[in-house]
Structure formats: structure tokens, C-alpha cells
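One structure is given below, encoded as C-alpha cells.
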Amino acid sequence: MTASITPISATVDFDKEGIQHGHLVLPHSHDESAWGSIMIPVCVVKNGSGPTVLMTGANHGDEYEGPVALWDLARTIDPKQVSGRVIIVPAMNYPAFRAGRRTSPIDGGNMNRSFPGNSDGGPTAKIAHYFMSALLPLADIVVDLHSGGRTLDFLPFAAAHILPNQAQEKACVEAMMAFCAPYAVMLLELDAVSTYDTAAESLGKIFVTTELSGGGTSSAETARIAKRGVTNLLRHAGVLPGAVEGPQSQRLDMPDGRCYTPAQAPGLVEWMKDLGDEVKAGEVIARVHDVERTGTVPVDHVAGVDGLFMGRHFPGIVQFGDTLGVIGVTVD
Amino acid sequence: MTASITPISATVDFDKEGIQHGHLVLPHSHDESAWGSIMIPVCVVKNGSGPTVLMTGANHGDEYEGPVALWDLARTIDPKQVSGRVIIVPAMNYPAFRAGRRTSPIDGGNMNRSFPGNSDGGPTAKIAHYFMSALLPLADIVVDLHSGGRTLDFLPFAAAHILPNQAQEKACVEAMMAFCAPYAVMLLELDAVSTYDTAAESLGKIFVTTELSGGGTSSAETARIAKRGVTNLLRHAGVLPGAVEGPQSQRLDMPDGRCYTPAQAPGLVEWMKDLGDEVKAGEVIARVHDVERTGTVPVDHVAGVDGLFMGRHFPGIVQFGDTLGVIGVTVD
Amino acid sequence: MTASITPISATVDFDKEGIQHGHLVLPHSHDESAWGSIMIPVCVVKNGSGPTVLMTGANHGDEYEGPVALWDLARTIDPKQVSGRVIIVPAMNYPAFRAGRRTSPIDGGNMNRSFPGNSDGGPTAKIAHYFMSALLPLADIVVDLHSGGRTLDFLPFAAAHILPNQAQEKACVEAMMAFCAPYAVMLLELDAVSTYDTAAESLGKIFVTTELSGGGTSSAETARIAKRGVTNLLRHAGVLPGAVEGPQSQRLDMPDGRCYTPAQAPGLVEWMKDLGDEVKAGEVIARVHDVERTGTVPVDHVAGVDGLFMGRHFPGIVQFGDTLGVIGVTVD
Amino acid sequence: MTASITPISATVDFDKEGIQHGHLVLPHSHDESAWGSIMIPVCVVKNGSGPTVLMTGANHGDEYEGPVALWDLARTIDPKQVSGRVIIVPAMNYPAFRAGRRTSPIDGGNMNRSFPGNSDGGPTAKIAHYFMSALLPLADIVVDLHSGGRTLDFLPFAAAHILPNQAQEKACVEAMMAFCAPYAVMLLELDAVSTYDTAAESLGKIFVTTELSGGGTSSAETARIAKRGVTNLLRHAGVLPGAVEGPQSQRLDMPDGRCYTPAQAPGLVEWMKDLGDEVKAGEVIARVHDVERTGTVPVDHVAGVDGLFMGRHFPGIVQFGDTLGVIGVTVD
Amino acid sequence: MTASITPISATVDFDKEGIQHGHLVLPHSHDESAWGSIMIPVCVVKNGSGPTVLMTGANHGDEYEGPVALWDLARTIDPKQVSGRVIIVPAMNYPAFRAGRRTSPIDGGNMNRSFPGNSDGGPTAKIAHYFMSALLPLADIVVDLHSGGRTLDFLPFAAAHILPNQAQEKACVEAMMAFCAPYAVMLLELDAVSTYDTAAESLGKIFVTTELSGGGTSSAETARIAKRGVTNLLRHAGVLPGAVEGPQSQRLDMPDGRCYTPAQAPGLVEWMKDLGDEVKAGEVIARVHDVERTGTVPVDHVAGVDGLFMGRHFPGIVQFGDTLGVIGVTVD
Amino acid sequence: MTASITPISATVDFDKEGIQHGHLVLPHSHDESAWGSIMIPVCVVKNGSGPTVLMTGANHGDEYEGPVALWDLARTIDPKQVSGRVIIVPAMNYPAFRAGRRTSPIDGGNMNRSFPGNSDGGPTAKIAHYFMSALLPLADIVVDLHSGGRTLDFLPFAAAHILPNQAQEKACVEAMMAFCAPYAVMLLELDAVSTYDTAAESLGKIFVTTELSGGGTSSAETARIAKRGVTNLLRHAGVLPGAVEGPQSQRLDMPDGRCYTPAQAPGLVEWMKDLGDEVKAGEVIARVHDVERTGTVPVDHVAGVDGLFMGRHFPGIVQFGDTLGVIGVTVD
């Protein structure tokens, strides 16, 4: 179904030199406006020859380091310094971003489960289809900035995937390391179907993603990591001059499902460890209390492997089956 | 209206020796259960003679350090160590707590704007009325553990208020310092009408409150501060044996409205300072970006006084009129 | 506040001879109609001299035996047979009745917790105020037909209350017995504040109420009980000719709180007894299963007294604190 | 689309001897939990050789006899008595069951209109796909326990369908009779597309379904029918020892569309017949009253055939086009 | 309750010379922002000596001629031309205005049924209280611009009320005529309790209101009427120089309840007359069709008096009890 | 997917002589009625030989001239005058029509983006599929009456499309002119995929559509245009006797995208031009004011071409990206 024509049009010309600030216009006929549109901000900077880097934030609408770094980049980038092209879509699932939600309030769409999209579906599917058919083909390097959102929190890391094409994987790993996030993770995603990652990689692109903290907010510190990372990637690609700057990322690995500690009961979470703490397999990372009465024994949840506590459920209450904690194994 | 009889009954006997885990039973007739009840957990520990300490969490339902510390206290306290009485209501606005919301999903009630309550009102008003008429009269010392909730974040502090009765104020300040939070703040609340604080203080009680981080979550570190604080207060009161333990709190002051930086525009927040940073008056603490387009100039928001960045808006998006940042003035 | 003037007007003249079908017109300005009205059906039948009987259904909007019997009565009553006056409001909380809900979808009002009402409140309070100030003063005998609604189920019974005025109580009991429901219960309501019952009784009226099955439906059998009951009451009052017809009601008593079995846990209800079963104190009436997993031991709930299983929670799932079962003690 | 790989994993091993209580884990990323799961209880009992019986309840989430009987079976079955295997999923559309609704609150899915399912759809489609691809292939006999739910009520019956394969149909009829429900109905479903029934039958399975009362509740009596039925089917299959016990089911037939009486108008239902009553064609089974005014003539609804009143609309209010009543023709 | 202190503060100084654009800041603590505010735009223009005119729009949030004229006035008024003071609050029920609804989405408040307000109530009550205690006392002349909103439509008119104080009434009538709307109506409001009108008049103010079309929109023509009217009133008051300009308003009268035609049935409205048409008593102004079937006879609705069709229900569907049409009697 | 069998059945026989009023019965199993139906009114009139005209309204549920004209036609048409057949479905998206919304409240479906439909989809897709597979094949001439709905307003016009088949296009234009609306527009739709128009035209039908005012209401005048138009089309088709009556339509053209003026900012609309006004390219048609503060400069929106102001956004508030105005170029 992805072969059909997108209803989305851009108010910018991707082939024009200089910097343009415009919108991806997605017609949206709904009860509150029969002839309305979703106006997705886009910025394109083009100068001279060089590769194209496509940068996105708010693939999930409640993740903010990406939008902050990209709104800042779009405002401050000097087109004369550019060699090649930068396409910035700072809020990819724009309806979700406006609502401050992971998914679109219009169609419930989780953008990262919507690829390759559909020109005849809801707004989320139409945006995915537009990236698949119009933007990804323009790009050499693709950067998609995630954070944990309102319900997860992470140590800040950049990530790449194990790929069948070793040359592509190597290029991705190099780009991941060029981001200079505090941590770098080689992700073996358990559920990679329909993601933007897989879509971009299947088209042969160099793809880097991140998780840069979470909780549905950002901070000066995590925004600095994001801003430094996007600049570093543009330097790494040769689109901006100069050398990559920043610390060497600490490598973490997630060898198997024991890295994940799922909640065994619903309740109030009493954390025994914080992100960044070293933990041993079998050590209690959190207790879950029955919220209906006091005086009962909480359910202990333990680490499945030795490593660094790198990700956790964010809200104070957890449901049975939620991922409660994630442990990353330190790689020398 | 507060003189009328409460419909709430307790399944515990507040005059009985030993530890009891039970509920405050609030009859609630609604569409899903004509003869239903709201079952609010309560724990009472009584032994020998001594003062009564009343401890509460989740006055706002999305603040978690209080519930974590009090569920833990109710489970681990040794009645034989007690001299006097401890009454623990770990989730005061229980419907809000179950919903993970600041206010009650049943009646929209903000517990801390509902005092002195009303025996004939909604559930929030009925709970406030029960505290006013049944629990506060039993107490000598009252501790109400707040955090920032889903939409605010704070440096962890204990607080007391300036009171007309200087002896009462002095006792409150001593209790605040005994909590041994990293920070201690003498609050001059701008809107103290209808709060639990004012209700308790008006009855002559020693009252301590806190703000212990925020964002609608907790951490091992902030839970430790809360647990230590409630134990310290029981020691300070002589209800538990032993001396108060922990660091000397750093005093902060909020002399006037310049401590508050309200948002001048809606948009995406780019933080330039983090909690705990020292700031100078006029220094930019955050920029707010127009979310409808890139390439525009963000609105800078500056500190109004020299001091420590002690509180901030938490979600990534801010609305015009929200409190964006709070600066505390360091007291030597 | 009840002294102020009602905004409700009637399209019928309560003093006119003959039968009139009309409405109580309650102006209601809302987002969907700035100048709208709630049109509450009313029927008045007047002929010759005699007492006034005021009959109501759908005090709770999901209770149907009352509306069925009263819609039928209004359609079939022969004014020439009447001596006195019958005022029929078959759906008292009309917005709740239209929504099929216990409470009003407009203001959340539970009509039977809204007396004496308020001419300046929401629609529920305004209706209560109109009954208090306009209809009850016209009546000698007041009949309010309840059933269990969507969340409760009962053996069909008529009821009266213990009253300080013994003559009034005796008249109420006689009216209750004249209803000829299968059962008759002398209710000692635990929460009688703000009820229509108390409002009517405080004005010295002869008041009869019922519970005639439940579940948010009715049946041919329970509708027959209701129709027979309202006709019997009109005969008993002398408003219709002829003698009361039907069986002698079995008397049940509810001596104290042990009659009620509250749910100790949320979950799936496995009933071990049905309405009408004889039970012994300590006998299991229902088990509640944890819905999150199989293989666990359900929580047994037992009868608190010897008697007849006369009322129960209706939906298949129960919440902690809901009234699960009610036992009535047989009176010889 | 059904060939793709399910995201659902089971925490039980269907090939392991003995009894296991676990979950079908369905990853569900949503606004309230980015990395959450739907945890569907499952119990598997395996011992020795013999057929596999797959038993389900809450295909529609507001039907309770199935869950009650299967939670009880999972708790009480003795693995040593088993010859073969029993797979119990007591709440098939688990999100609907938790919500007490016919359909899923997450995606609106009606499980019994969702087959063969889709591994890439919403949770309802994913569960259907898992039954189609993983559980049905394991089964020889399939039992799906339905009741009327919140909006329908039935005489308790087991049912089978007319099938193109006469041997399969005969085996289904024998299983239906082995259930020993008070009634047995040979269903000629008017809309059998996308049902679980058709899916199971198309795979050649022996399939039995039921309707065991309704209204969104259960009773001790109907739970006994369900418990007896599932035990009888296990005996009939040879999975449990012993002979089938219980009464001979009364056979009912539904020859054509005249068995159904659709509502001709919206309004308040006055039932003239109850379930189990014998009715003649043309006899009034229910009247529907205009709820906007009294004194009008209700719309009479009549039986289309002679028979037993076997099914009806449950709520007190009906909409134009709802099925109001169902008549079954007695088969000698 | 109106004596207590408002929580609202203004960022403008009402006593300062010149023009100021600012806000009424109403603290609003809610689930999405614990320390949020409602920011109500206000403009004050003061120069020299002269009376104070208080002008408001969006008392109901879906009425637009007022906001359009007042936003325009605030932008274009020349302070040097002013003699006295103009206070402009172009969107009085600001939350309702932002939502495009008649009433507040926060508390359901209808501003024009909320006076004298309450400093301790919801936002609507607090705004009413602020007008009552802070703004009305500053004013000599009060202009409140209404239109029909989403559910009503009117011929454009200015209005005054019959008042006990004849001098006050005369001044109001003169101000009404100075507005120079196409029509002028002497309103005998049936439900004047709790209105802003009554509140202002009870304080002895000269008060003019309007209805300037409707439907939840505005047009160039109706905006011109509103702009001309507010300028004319400032001229009439002597606050702006120059003479009142515009046509002599046609006077209409509403002698009694026969002016109103309420809908006798719900359904689809087929209009037989349009606003501005002359009608005779008994003439059909609209037919209402049963929307559930074709071929039935619609319910005719007739005019109750001879006059001009001056007001009507706006949406295409009407409910039983809605005001369908309003006839004004022409006054020579 | 459109080849599968529809679940919709008709209670009318399309081949029977005379007039029949009935329903399209669409089974709809949902939480409030497990065995419910959507009952879509249909009227068929057949007499003698002649073409079949299929007439529809409420393709969008908030557009009322079509339903008014067709309910009136169905009630007043004289079958004896007919030569051929008229099929009237006055409310095509019936759930949307009952809700007064553009789209279906059940599945969110926009009927005019749902063709060719799907027999296995939601109700909107099923209705589209029924028109595609059952009704359109019966028709020679298809008339679909639109108006602007709640969010758009238009000068009243009939319309046809440029088609590849010139003979078909000519027949459509002749039918458009026969409607005798005040205006006639040759539409070059920018987004014609999935519309009913395209579906009908692709089957070779003569197709006429309209836009007859808007705002979610109708008037006597616009209803007269609609009634005259449908009668004229039946005369034009030879189904009713007599000649077409009415004015010659003024032709308007929409040559390219400059006819549309999209909103560049959200805010309050101050209209500078009204529908029917002549405008010049560059002339301001509307200003949009920032609703958060007064005293700012509104955003001017200008006409892109010389012409007649023929369409506009209706609600008083506009969002960025909404179509604000439409200019038609006058054709001599």
C-alpha cells in the first residue's frame, strides 16, 4: 500500500540552497475543522555538496531532548558552514507532541510501530508513509532522538543495531560513538517490526538512535548531551566542519532477556537502586507494595544479571507486566 | 458546616495498644456501585505514654516519597519501641492516589484546598472533614509529606511557616530541622487558605511539611531522605528512642514574589539551568520555543533574584502563566 | 436555601379535575442548548374529594419497576374511579433515567442524597427542591418505588422506617403491608441524611418505599408486583375503590451491621448462595477470585447472621469495600 | 496476514506434565506504560496420553459463568486424574474482562468478530491470532463459554452448529448434549463470519459453545450449570474419569428469522412475558413506552412463532433496532 | 461569601494614565499544572477626567462579536482621545472562550448564572467575584456584548431592562439607543437571578447588553455593528469625542411568554420562516421531523403572536423543550 | 475486499411499485447492545418505466439542507406522478447525523473518505460498501446534497467535476445546471480519492453534488433552494413531469490553489469580507488575533485572486492550517 501518493505537501523546497523554515502540510478533515491541516514544522539547510542528514525528535510525543536540541539547531545553524544538507523535523509525531503524549491523540498511533505507513490511513500512518516515500530516500544518515517519555527513564545513551550488512553496521556504530553520549548501547531489539529504525536500515541508511533520560521532561544537562550529539553527528558526516567533541561513551550490552525485570504485581514502587548504580544478579532493585492495605510484605524484584542499572519505570505506581527495570552489562 | 457527623468510620481503634492495620471506610454510592466504599488504609501504633504523631502522604495523589516512606514505616515499625502513638495515613487523598493524579478523579478535589472540609460534600471534602474533626484533635505533631507531583520538581526540603504564635513557630522550626532534609525552607505561602497546613496550625499543632523532588515518581535517594526524615521526627518527638541522624539542612529563604518566574508564553522548554545550580538575578534559566514553527526567537526567562534554583515546572511543554522556575535565597 | 423560588414550572394544573399528562419544565442552559429545558413527565388525576397520593419512580435512574408500573398506571387509571388525587412522576431524576444511570449525567447528583435540595443548584438539587417545596406539601401519602439498579439485586420488598412519631410510623407500616410485596422490611437506614424518605417523613407524610429486584432491568413478574402494589396503595388510601389484593408479605428484619457482608478484596465473584436461600451465620455466601492469575485461593465471604439472603452485589466483578451480600432475619 | 509471528509469549510450557498457572504475555506500548504488557491468565494441566481440551471464558468481557467455572476448575482440578491435556484461558478478551465490558476498552475489539486475527493489529486481533495460530492447533475439543452479558439474558443452554462435515457436526452435537445444560440449541447463526466458533470449526475441531443466563452477572445456580458442564465435557472427552452427570437437555430450535422480535421503537420496556414462559405467535411479549410523556399508547411487540421465550434484551431501556426477544421452538 | 479576598491579581494598574495591555492572573492548581494560572487579557486606557466604561465580551465563550470588537478597540483606541477611563475585558469567561464553549470546560460554569460569585469557588465563580468586588465598583457605564452562541441566532439588537429606579432605567435606555444596533429590545428577562446584568444594575450602574447574531461565529457585517456600537457608547459617555453615528434602532417588545415557541418534539428542523420575516400568530415557523423514519407527519410549530421573527434555535437538530423560535412585537 | 457480502439488509423492496418507507438495517454489536442495529431510514418510490435517481443527504452528519429537502420529498412525493424510481436516503452517515457531527461517533468515519468501503469494517465502511455494491448499481443519476457543516459556510451552489469521459461530464454539467442553485461550480477537487463522488463517477453515473450554506444549521431560504433543486433534478431526469424552474445559476470557477486562503496562525477571526462580497487579489479578507493578549498586531489574510468570496471557515476561532477563505472566479 506504500506505493500510493502521499496527501502531504511541503512548504519548503528540499533542493533549494540556504535555510528554510516551513511545514509539512497534512490535510486533516475532522469534526472541528472540515478543511483543516496538521502543520508539521520542518527546517531544511542546504549548502554546497555533501551528504544529507535527516534528524528527527518526538517520534514519541512525550520525549523532549530531541525537540529541544533540534529547535535549537534549526535556529542557530549557519547555512554557510554547511556542506551538504540537513533536514530537521523536530516533532515527527506532531499531534502526539502537541498533546504531550507518546501516541497520537487523533488515531492512537505509535509512530514507531507504524512503518512503512500508509497514504490512506490515519495521520500517524500518513506521516510514516511520507518519511518512507519522500524523506528517507533523500537521506544518507538518519538520526532519531528518543528519550524515555513519561513512563520510562534511562541513563543517556546513543544506540545502533546489529545488522545483516556488516559495512552498514560498522558505519552505524561509528556514528553512534561520534554522538559522544555518556553511554552507547548495541541494541538487539526484541520487537523491531514496524519501527522507523528498521525502515531506515532496510533502505541502507546509516541510522543512530538515542535514549536520553526520560519522565516526560528534559534538563539543561540532558539537553546539552543532545545538542552536542547532533552537532557531533553533523561533524562526523562532514556536513559541519571541525572534529567531534566530548567524552568516550561507556559501552553497555544487553545480552538477553534477563536484562529486563518485569513487574510481578501492581502497586507502589519503592526503589532500592537508582539509575547508574551497579547491581549484582539477585540484588533487590525495587519493592512493590500492595496499595490497598498497609502491613503486608512487598514483592521484591531483583536484577537478573550483574551490571549497571540503566533503565526503569518512571511513574510511582506500576502495573503487573510493566517493565520495571533494565540492567546493562558493562563492556570494557 | 464542619460540626456535622462524619460518614467515615475506622476499622482500627485509635486507643488500643499495639499495631493495627485497617481502613477509614468512606461510603460512596456511585453509578458503578450503589453501596460501595472508599477504603483508605490507616495504621495506628500505640504503646505506653507519649505524644501522638500523625503522618500523611499523598495529600496530592501523584507525590510518592510520602507513601513509600509511610508504607515502609507501617511495615517495619516495632510497637515495642514506641512511646506514645503514631497514626499513619500513607495516602490521604486515596482516590487521587489510586488514579496517580494530583486531584480526586471523583470530585476534582484538591485536598490541600479543601479544609476544613464538609461532612456533606464530595469524598475529598469528607476526608478533609474527618481529619479536621477526628484525627487532628488526637495529634500533637503533624507531618504531611509532599513532593512536586507530575508537574513540578524540587530540591528536597522540609518546611515550616511563620506563625502568629512564636512558641508554636519555634517548635515547628525545630521539627523541620530534625527532619534532616538536604534543604529547609521557611515558607511564606501566598495562598494558605483552605490548606491542611493552616488547618493543623490553627489547632495549635506542631506541623512540618516537605517537598522531596517530584515528577510523579520517586527514587531510592529521595525515598531514603523521606524514610530518614519520618524516623527522625519520631525520635525528635520522643516516640522512638535515639537521636536524630543526618546532615544539617541548608536553609533557603523565599523573601518575595521575585523568587517566582512565571512562563510568559506557551511552548517547549529549553532549560538553561538545573535544580541546585546557583543563579544570578537576570540570568536566563529557561527558553520557551514556539512549537508551531522553527526559526523563531525563543522567549528567555530569567531569575528574579540571586540564589539557588530550587523548583521548576516538570513537563516538557509549558503554558502561559505556569510557574516555570523558583529561586531560593541561601541563608547562612 | 430552600426558601427561594423554584425555576421549575408545571404544564399541568394540580387543582384541575380529570386527568392531565404534562411536564415539569426545568430550564437548563448548557453548551448544546443555551435556552433548553429538561422536560420531566408528570400525570395528575383528580376527582372528587379524598387524599392526595404522590407516586414516584426512577429516584435512581436505573431502577425500572417503578417507571413501568407508573407509566402503566398513568395510561390506564380511570379518573372517574378516583376519589381524591394521584400525582405521578414516573421518572423523578429524569436526566439519570434517560441515561440509564443511578445518578444524573449532568451534575452527578444522587437524588436520594440531595434533599432538601436547592433552587440555585444543579438540576438534581432543583428537582429535589421542587418536590420539597411544591409537591410534598400537596401529598398525604408518598410512595417512592426503588429497585436495586444496575449494581444491586434484592428480593422484592416494601419498606417503612422506625419514626419518632408512633402514629405516623404505624400508618407507614400499614401502608407498607398494603403494598402486598412478597417481603416487607422495617429498615433502620444507616445513612438517612438527605434522603427523600427523611424529607417526606419530616413533613409528617405517610411514606412507603420499595426494593423490587434489580440489575438495571425488570421482568414481567416484578412489574406485576409493582403494578399490584401501587393499585393496592391507592385502594388502601381510599383513592381507588375496592380492597387490597395479594399475599401477606413475609416480614424481614435487619437488626444490625452484621446483616451486611462487605467485600474484603476486589475480584471475580463466585456465588455460593442465591437470593432467597436460607443461610446460617458463618456459611460462605460468595468467593472472590484474584483476576490476575489462576491457582490462587479465593477469599471466602460468610454470612454474619442466620437468615434469608435478601440482597447482593449484581455485577460479576466486585471492588474492595462494596457491599457484597445482605442477610435479612425472618420475623414470624 | 495470519502467517506472521505472534508477539505473544506464554510463561507456561504446553508440553510439560503437571499443572502450571501462568500468563500469555502480550506486549502493549501505550501512553501509560511505554513498555507494558497485557498479562492474560492461562492454566495448563497435562498428564499421560489423551486428547487436548481448550476451554475459554470471557470471549466477551461481561459474561461471567465461564470465568467463574474456569477459575474454579483451574484451582480444583487434580492433575493425577487427567488423561491428556486441559488448556484453560478463563478470560480470553482479558482487557474487556478487566473493564467489565463486552468489547476491549483499548481497541474496541469484539473478540468474536475478530477471527482469524492479525499479529500486527490491536490487542484483540493479536489475541485472536494467537488462538488461531498457537492454541487451536493444539486442541481436539474446544469449549467457549458465553452468557448474555450486560445487555442480553438467556435460558441456560449449550449449542452446536450445522456443519458441512456431518461427522464433525455429530461429534459437536454429542459434546453439546454431554454438557447437560437445561437447554440445548442447534444454532443457525445469521452472522458467523469472523467468529471464534467458525475459526475452530474450520480447523476441524469439536466445538461447543453456551449461553448461560446474562445481565452482566452470574448466580450460584448458573455457576453450578457451568461447572457441571465443563466437568462433563472433560468426562465426555475421556480427559477426566467417570460418566457425564446431569439432566437431559431440552432441545430448542430456531428455524428462521421469525424467532427474533426486534424493537420497533426506543423506550421503556414493560415485559409481558418472562424467560421460560410458553408463548404463542402473535402474543404480546413486551410493550415499549415513549419515555418523553405519559398517557400515550405503548408499542406492542409480539412473538413471531409458538415456542419458549428463550432470550431477551436486558436493560430497562431499549433502542429502535435492538433485538428485544427471542423465541425457541420446542423440539420433542 | 462575596466579602472575602479574591485570589485574582491584575498586571495592570487601573489608576495609571495611558494604555496598558495586561492580564487578570487567576491561580489555578490542576492535574496538568500544580502551580498554573488562568491569564485573562485586560486592557485599560485612562486619560484625563471623565467616566469609566467597563466593556466585556465572551461572558459566554462561544459568542464572538464582542471579542472581535473589543480586541479591535484595544488595539486601535488612541489614549489621547480619551476623557476618563475604558476597561476592556474582551473574553470574560476566558476558559470558555478558549474552548469555544458557552460554559467553562473547567467547572461547567455559566458566567451569566454565577453572580455575585465566590472567591473560594471554581474559576467561573472567582471571575464573577472579581468583577463584583473589583471591576464593577470602578465603572459608571457597563457594556456586556452577547450574541447567540453556537445554539441560538438573533437579529442584531441592543437591550436594556425595566428597573425599579426610573432614572437608572432611562439612562440605560438612552445608552441602548446610542449603540445604534439595527434593533433595540426592552427585555423582561424571565430568569434574571445571578446574571451579570442584575449584578451591575443592583450596584446602580448604567448597563447595556446585546445579542448580535449567533451560531458560534461572526461576520464582517455583525462585527461592524459591534465596533460601531462600542465606539458610539464611548461617545455617548463622553469618553471619546464626537457624536453617535448610525441608524435609529427599530424597537421590539416581548410582552409575555407567547413570544417564545418551545419545541414540542425532538427532531430535524425544517424552517418555514427566517429571522427578520414578519409572522402572524398561528403561522407555522418551523416543522420538526422524526429522524427515525421517513413518511411521518412533522410537528408544526407556530408563532404565538404577530411580530418579527427575531430569534431561533441554531443547530439543525432540536430537542424537546428547547426554545425553537422567538417573536418580537414591533413597537412604533 | 469489496466483493464480500454486506451485512446490511433493507426492509424495503427496491423493485416494488408504489412508495415504501423503511430502513437499511445494519447489525451493530456493541457494549450497550450486544444484538443491536443501526436503522438507516430509506424511502423508495417506483412507478412505471424510467430512470432511477438516488438521492442522499447527511453524507456528513452536520449538513442539514439535504436531510430537510429529502425528508420533505419523501413525505410529499406522489408516486402516481413518478416515471421510474427514486431512492432516498436522507441521512447517509446515520450515526453521524444522529450525533450532529461530520463523522461517525462510532468509528470516526468520514463517509466521503470511506469509498469503496468494506463489508468487514466499521459501520461507516459498511454503509459505503452497501452504496457501492447495492445502491449505486441501481441508479442512473446520483445526487448527494452537501452543505458546509459546523465548520464551513458557502454561497449555495451545485457542482460537477471534470471527467475523462466527456459525454458523462456533459450530462453531469447539465444536471448541475438543472438544479438551479444560485451558483454552479466546476470543481477540480484536490483530494478526490475515496469520495462518494469518485465512486459514483467511476461507475459511469451522472453525479451532482452541492454546497448549500453551512454552519451546522439550515434556513427557510436554503431549504427552499434544496427542495427546488431535488424536484428540478427529478424533472430534468424525466422522473417527475414538468420543466425545471428557477434562476440561471451564476457560474464560478476555481482555477488553482490561489483560490484558497489557509490560516497562518491560530486565533480569533475578525472578518473583513462576507460571503458574496467581490474581492481583489491582495485585499484583506480576515484578520486573526492572538487570543492570549490584547494590543498585538493581528495577522492579515488576503485573497489570492480576484473573485467572489464563496466559502469560509465558520467558527469564531481558527487553527493554524485551517482553510480560512475560498474565492471563486466569476465565469461570464
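For reference, chains read A, B, C, D, E and F in written order, and residue numbers begin at 1 within each chain.
The rule is simple: a contact is a pair of C-beta atoms (placed from the backbone, for glycine too) under 8 Å apart; a residue touches a chain by one contact, two chains touch by 3 or more.
Chains and their UniProt names: A, B, C, D, E, F = N-alpha-acetyl diaminobutyric acid deacetylase DoeB.
Quick caveat: nothing in here was measured; it's all calculated off a predicted structure.
S.K.: Following contacts chain by chain, what is the lowest number of steps it takes to reach subunit F starting at subunit C?
M.R.: 2
S.K.: Fewest touch steps from subunit A to subunit D?
M.R.: Shortest path length, in steps: 1.
S.K.: Could you tell me which chains make contact with subunit D and subunit E both?
M.R.: Common neighbours, subunit D/subunit E: C, F.
S.K.: Can you grab the rotation angle between subunit B and subunit E? Superpose on CA, round to the nearest 5°.
M.R.: 120
S.K.: Regarding the subunit C and subunit E pair, does the interface count as same (over half of residue numbers shared) or different (under half shared)?
M.R.: At the contact between subunit C and subunit E, which are copies of one sequence, the residues are largely different (under half shared).
S.K.: Among all chains, whose Cα centre is located farthest from the one for subunit D?
M.R.: E
S.K.: Once you find the CA centre of subunit A and the CA centre of subunit F, what distance in Å lies between them?
M.R.: Here subunit A and subunit F have centroids separated by 43 Å.
S.K.: Distance from the CA centroid of subunit E to that of subunit F, rounded to the nearest Å?
M.R.: Spacing between the chain centres: roughly 34 Å.
S.K.: So how far apart, in whole Å, are subunit B and subunit D when each is placed at the average of its C-alpha atoms?
M.R.: Each chain's C-alpha centroid was found; their separation is 50 Å.
S.K.: Multi-chain contacts only, two chains or more: what residues does subunit A have there?
M.R.: 23, 39, 62, 292, 315, 320
S.K.: Okay, in this complex, where on subunit B does subunit A touch?
M.R.: These residues of subunit B touch subunit A: 19, 21, 23, 39, 41-43, 62, 64, 67-68, 70-72, 74-75, 88, 90-91, 97-98, 100, 153, 215-221, 223, 268-274, 277, 289, 291-298, 314-317.
S.K.: Any idea which subunit C residues touch subunit B in the complex?
M.R.: Residues of subunit C touching subunit B: 60, 62, 101-103, 110, 113, 148-152, 191, 193-194, 262, 313, 315, 319-323.
S.K.: Of all residues in subunit F, which touch subunit D in the complex?
M.R.: 7, 23, 25, 27, 29-39, 120
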